[in-house]
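One chain, chain A, links the two complexes that follow: it is found with chain B in the first and with chain C in the second.
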Partner chain A sequence: MVRAIAWRVAGVVPVLFLVTLVLFLLLRLAPGDAADLLVPDDASEAEILRIRERWGLDRPLLEQYFSFLLNLLKLDLGRSYRYGADVFELIASRVPATIELATLALLAASLIAIPLGILAALRKGTAVDGAVSVFAIAGVSTPTFWLGILLVLLFSAELHLLPSGGRLPYGVQLPERTGLHLVDAMLAGRFDLLGLIASQLILPVMTLAFSMVGIISRITRGAIIDVAQEEFITTSVAKGLTRGAIIRHHLLPNATVPITTILGLELGVLISGSIIVEVVFSWPGLGTLLYQSISVRDIPLVTGIVVTYTTLFILINVVIDVIYFIIDPRIRASQGA
Partner chain B sequence: MAEPILSIDRLSIHVRAGGGVRLKIVDDISFDILPGQFFALIGESGSGKSMIARAIMRLMPDEVLDLRGEIRFGGHDLAHAGEELLRPLRGSEISMIFQEPMSSLDPLMTIERQLSEAVEAHGKRKGAAMRAHIIDLLTRVRFRNPEQIMRSYPHELSGGMRQRVMIASALINEPKLLIADEPTTALDVTIQAQVLDIIASLARDYGLAVLFISHDLSLVYENADEIAVLYGGMLMERGPARAIIEAPAHPYTSALLACVPRRRTGARQEGIEGAVPSVSDWPPGCRFAARCAWRQPQCTQHEIAFLDLPDRRVRCVAPLRESAPA
Partner chain C sequence: MRKSDFLNAKFIIGASCLLLILTLAIFGNVITGHDPQEQDLMSSLQPPGFSNGGYYLGTDHLGRDILARMASGARVSIVIATAIVLISGVFGVLYGALSGYWGGFRDIVLQKIVETFWAFPPILLALAILAFFGQSLANIIIALAIQRWIPYCRIARAQALVLRNREFVAASQIMGAGTGWVVTRHILPNLLSAAIVIATFSMAGAILAEASLSFLGLGVPPEIPTWGGMLAEGRSYVVGAWWIAVFPGLGIFFTVLGLNLLGDWLRDLLDPKAALNLR
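Coming up: the complex of A and B.
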């Protein structure tokens, strides 16, 4: 198992190589000159040349790429054009906000969608099944930015129940250790802050979760229905097991593999898919940072963020593979546990 | 004569087919199984034999619309019993093994858990006694290393081994009736004989009645006490196994016997001319008439009733034992 995981992690290297190559070429082949953005409008030619030289933009593209790769090995992603700060540190300061949002959204979506999917499968063809279907389609087809704005209008502007954005209200201080606010508040013993932090999280989490409920509940429903048709379910009825025991011991465990797959994929999609939601809710995560860095052509920062997204995506897949190992003895056997 | 353990009385099964059509796939079947009897139900695919097997335990697919007639077992009519009556009987009084050993065990569970849950469902044994009982049964289905088998997952066992586990699981609560629905069809020929032998000898040891379902008469040559031959959802011939195999009275039974490969003589195997007509367009009269070598004009004119011969019943206007060329 350790060997199999090591292989998966090693798979990051070629993927990152390809991703950075494509990204590097695209960003530099795009029309416009990054140096234009680094100088005032009235800068002289000499000044532009000096800036180019300072940021290494005058060197051949291939040379720039190789020095980027060499630096990447040292976790040095360069300096942001806009902030002047170290890209790695900028990203590191934003990653926890995105992870907090994405995992809570996935958790909320799973808690809603999996029971709904199970219910729909067990009541296949009834009004309950139909209602879950309609809810699922509504979730999939509602654009997140629209839902986000709608929720802000309703709960913040109209009802004044929840804040419209940000991670913490102005003036609230929280000692950061993990960067995950709920965790930090508990570590610091500031349980009084949990409610405040949660109220900031509710709207963005719900907006993201709603978009996933549809897919997760449909996959869960399909997985349960597929397993229900397996011969070993007939065997377990023939053994005289109760309906509850069959569902708990045979139906649900066998449906976990497809459900885990979709949860992993959705988490990957979430980490990058939260960009719009982060912008709508002024959530200071990677998504907002990417949005800002693209709009000012901050090439080192854009590159760094995309590399981070790719790495996170691959790591999530490794975790999913580990979960397969735990659930399914056949996968354990085929991977030489 | 002993009281039958299972008595099927005028059983008919209707299913829903595409386009809202109702099909009668099992038509007015009656037979009794006595305690300890090895009863073979023989028919080609599509004859309705598996549907009868599943109807007894009420494990029918969703397409089944209704059951008519009675399935009497232990003073109850299983055809019309509710879940609260059926569940305690399943796996305890009546057990079943299936055609596909590869898919009839849960792939995520060890053999030990699958066997012990069968015991626990009926609360007959617990803890160490249960474990000892499981080891004993695995030994009886001829595993030399029962403890290792208990720790295994289904994918680690071959088809024949899984079917032996299924047999152990079916017999674990000492039922009175075992339904074996083509239990050897999916196995290699060499394994078939072993599995069949295990079922037959355990049935003798436990005094267990067996309803053995097969398309292959050669499989039941040695073990069956009683044979019923099914064609197109109707019983064609029923009687003592020896009498039927030695002198089939129904042309269909005779044709089935002709299909049995004669390994020793190496004689060429004959098939039965033609195919089973589809359930929706049965001809009037005898359903086998279209494929029958001895067809007579009256075969297709009206429903053919059972004819009672001294040792059996046969649904034929001209049974071979009286009229067939020798």
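Coming up: the complex of A and C.
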């Protein structure tokens, strides 16, 4: 098993290599001089020269790519010219906010969708099942940003129940350690702040979770129905096991693999969705930073953020594959572990 | 409820949604009589109704007619999404069919490229392209097509891998048929129903993605009215003027819902897995 996992992890290297190559080629294909893209409009001649040197723009294409790659490996893409700060320091300061939002949304979506999917499968063909299907298709058809605006309109503007955006109310101070506000508040013993932090989180988390609930519940339903048709289920029925025992000991454990798969597939939705949700709710994460950097064409920062998201995406996919190895003995066996 | 009833319900609701949007796109500007760009600051933020100077769906903060802007938004969305689906579909099918038919080293290289494009999270590569190349209609189409060809490529390659070893393909090769002939006469016809199903879902995704990018102000240039752009511009005025946010959102919702329902219906009807005979 260890060998199979190691092999999967090693497979990431060539993919990352190719991904950076694509980004580099896109950067070079962009109209205009690459040096002009990499400096602000009002840059001096000396600054342009420095950038040429730094990105190796006066050398052959292949060498340029390697200096780009080397800079990436050193986590050094220079300074963002909008914020004047180091690109990767800036990114690191924004990542926790995004992680907090995305994990909570995935958690909320799974907690709602998986039981819903199981219920729909066990009550296949009934009104409950139909309602889950309708909800699922409505979920994937609703634009995230529209839902966000409507929720703000209802819960903030009309009912005055929840804040319309931001991460902390104005003037509230919180010592940052992990950058995850809920965790930081607990570490600092400020349990009084938990409610405030949670109220800021509810609307963005709900908005982001909504688009995922539909798909997760539908695939869970399909997975359960597939497993229910297996012969070992027939055997356990014949053996006289109770319905509850069959569901708990045979049906659910065997449905975990396909359910893990969708959680992995939903990762893409989670990333693209979180960018939009962050913008709608002025959530100070990586998505908002990307949005702002694109609006002012801060190319070093855009490049850094795209690399960060893509690396995270690829790595989490590996983690999901490793989870397969652990939860599914069949995959383990077929890999000759 | 019998299964066929449910299928019909999918078709009827899906087709009605799309019909509604098509009517809006074609006749919207005839119904209102206002120009989508025409500003009338005297009647800004008018609520929807029949007694406010012909602004049936109300006006935005600049006094522009929401209905007229909805109609042009519908046309822009449909045109862009159709272009994306056509380009990605044709490219993906040909790429996959050739890759599978050739096999060997060329297949490995071509599939490495597929894997690379697939490694980017959705939308992100599109955002990078728009950031590097700037905003224009052509760029948004390229940006959104750049990952959408992969599903077509997958099915086309799988189909080609199976068919290239069949006797009728060998017979055709013996009679002197070249790659072009085999791909267009033997492989492509077998893919049609699967490609149509993918295209329907992909169109729904393309409309959502275009709307999201336009909402972020990174998609269609702002002077062209789009549903996403209307939501972005009207965002600060929605408190007290709900119609600014509700109507464009409904436009996107009905289009995407209609396409998703039709896609589901087509998938059941054409049963692409059976049609592909991948075994």
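The criterion applied here is as follows: the second predicted complex is superposed on the first by the 294 of 337 C-alpha atoms of A that agree within 3 Å, B and C clash if a C-alpha of one lies under 4 Å from a C-alpha of the other, contacts with A are read in each partner's own complex, and residues count from 1 in each chain.
Methods note: a contact is a pair of C-beta atoms (placed from the backbone, for glycine too) under 8 Å apart; a residue touches a chain by one contact, two chains touch by 3 or more.
Being a predicted model, the structure only gives us computed values, none of them experimental.
After superposition onto chain A, the modelled positions of chain B and chain C are compatible, with room for both.
Of the two partner chains placed around the shared chain by superposition, neither chain B nor chain C is touched by A:L151.
In the superposed model, the angle subtended at the C-alpha centre of chain A by the C-alpha centres of chain B and chain C comes to 80 degrees, rounded to the nearest 10. By the touch criterion defined above, A:Y309 lies against chain C but remains apart from chain B after alignment on the C-alpha atoms of chain A. Contacts of A:I299 after superposition on the shared chain: chain C is touched, whereas chain B is not. Judged by the touch definition given at the top, the superposed model places A:A228 against neither chain B nor chain C. By the touch criterion stated above, A:A255 is placed in contact with neither chain B nor chain C.
In the superposition on chain A, A:L27 makes contact with chain C only, not with chain B. Comparing chain C and chain B on the residues of chain A they touch gives the larger count to C.
Of the two partner chains placed by superposition, only chain C is touched by A:I271; chain B is not.
Here chain B and chain C sit at a least CA-CA distance of 10 Å once the structures share a frame through chain A.
No residue of chain A is contacted both by chain B in one complex and by chain C in the other. Those residues of chain C that touch chain A in the complex are listed here as 1, 112, 115-117, 119-125, 127-134, 204, 208, 211-212, 215-218, 228, 231, 235, 238-239, 242, 245-246, 248-249, 252-253, 256-257, 260-261, 264.
Residues 57, 59, 87-92, 95-96, 98, 100, 103-109, 117-118, 121-122, 153, 155-156, 166, 169 of chain B are the ones touching chain A in the complex. Of all the residues in chain A, the ones that touch chain C in their complex are 15, 18-19, 21-23, 26-27, 29-31, 37, 125, 130, 137-138, 140-146, 149-150, 153, 157, 267-269, 271-272, 275-276, 279, 290-291, 293-295, 297, 299, 302-303, 306, 309-310, 313-314.
Remark: chain A residues 230-232, 234-242, 245, 249-250, 253-254, 327-330, 333 touch chain B in the complex.
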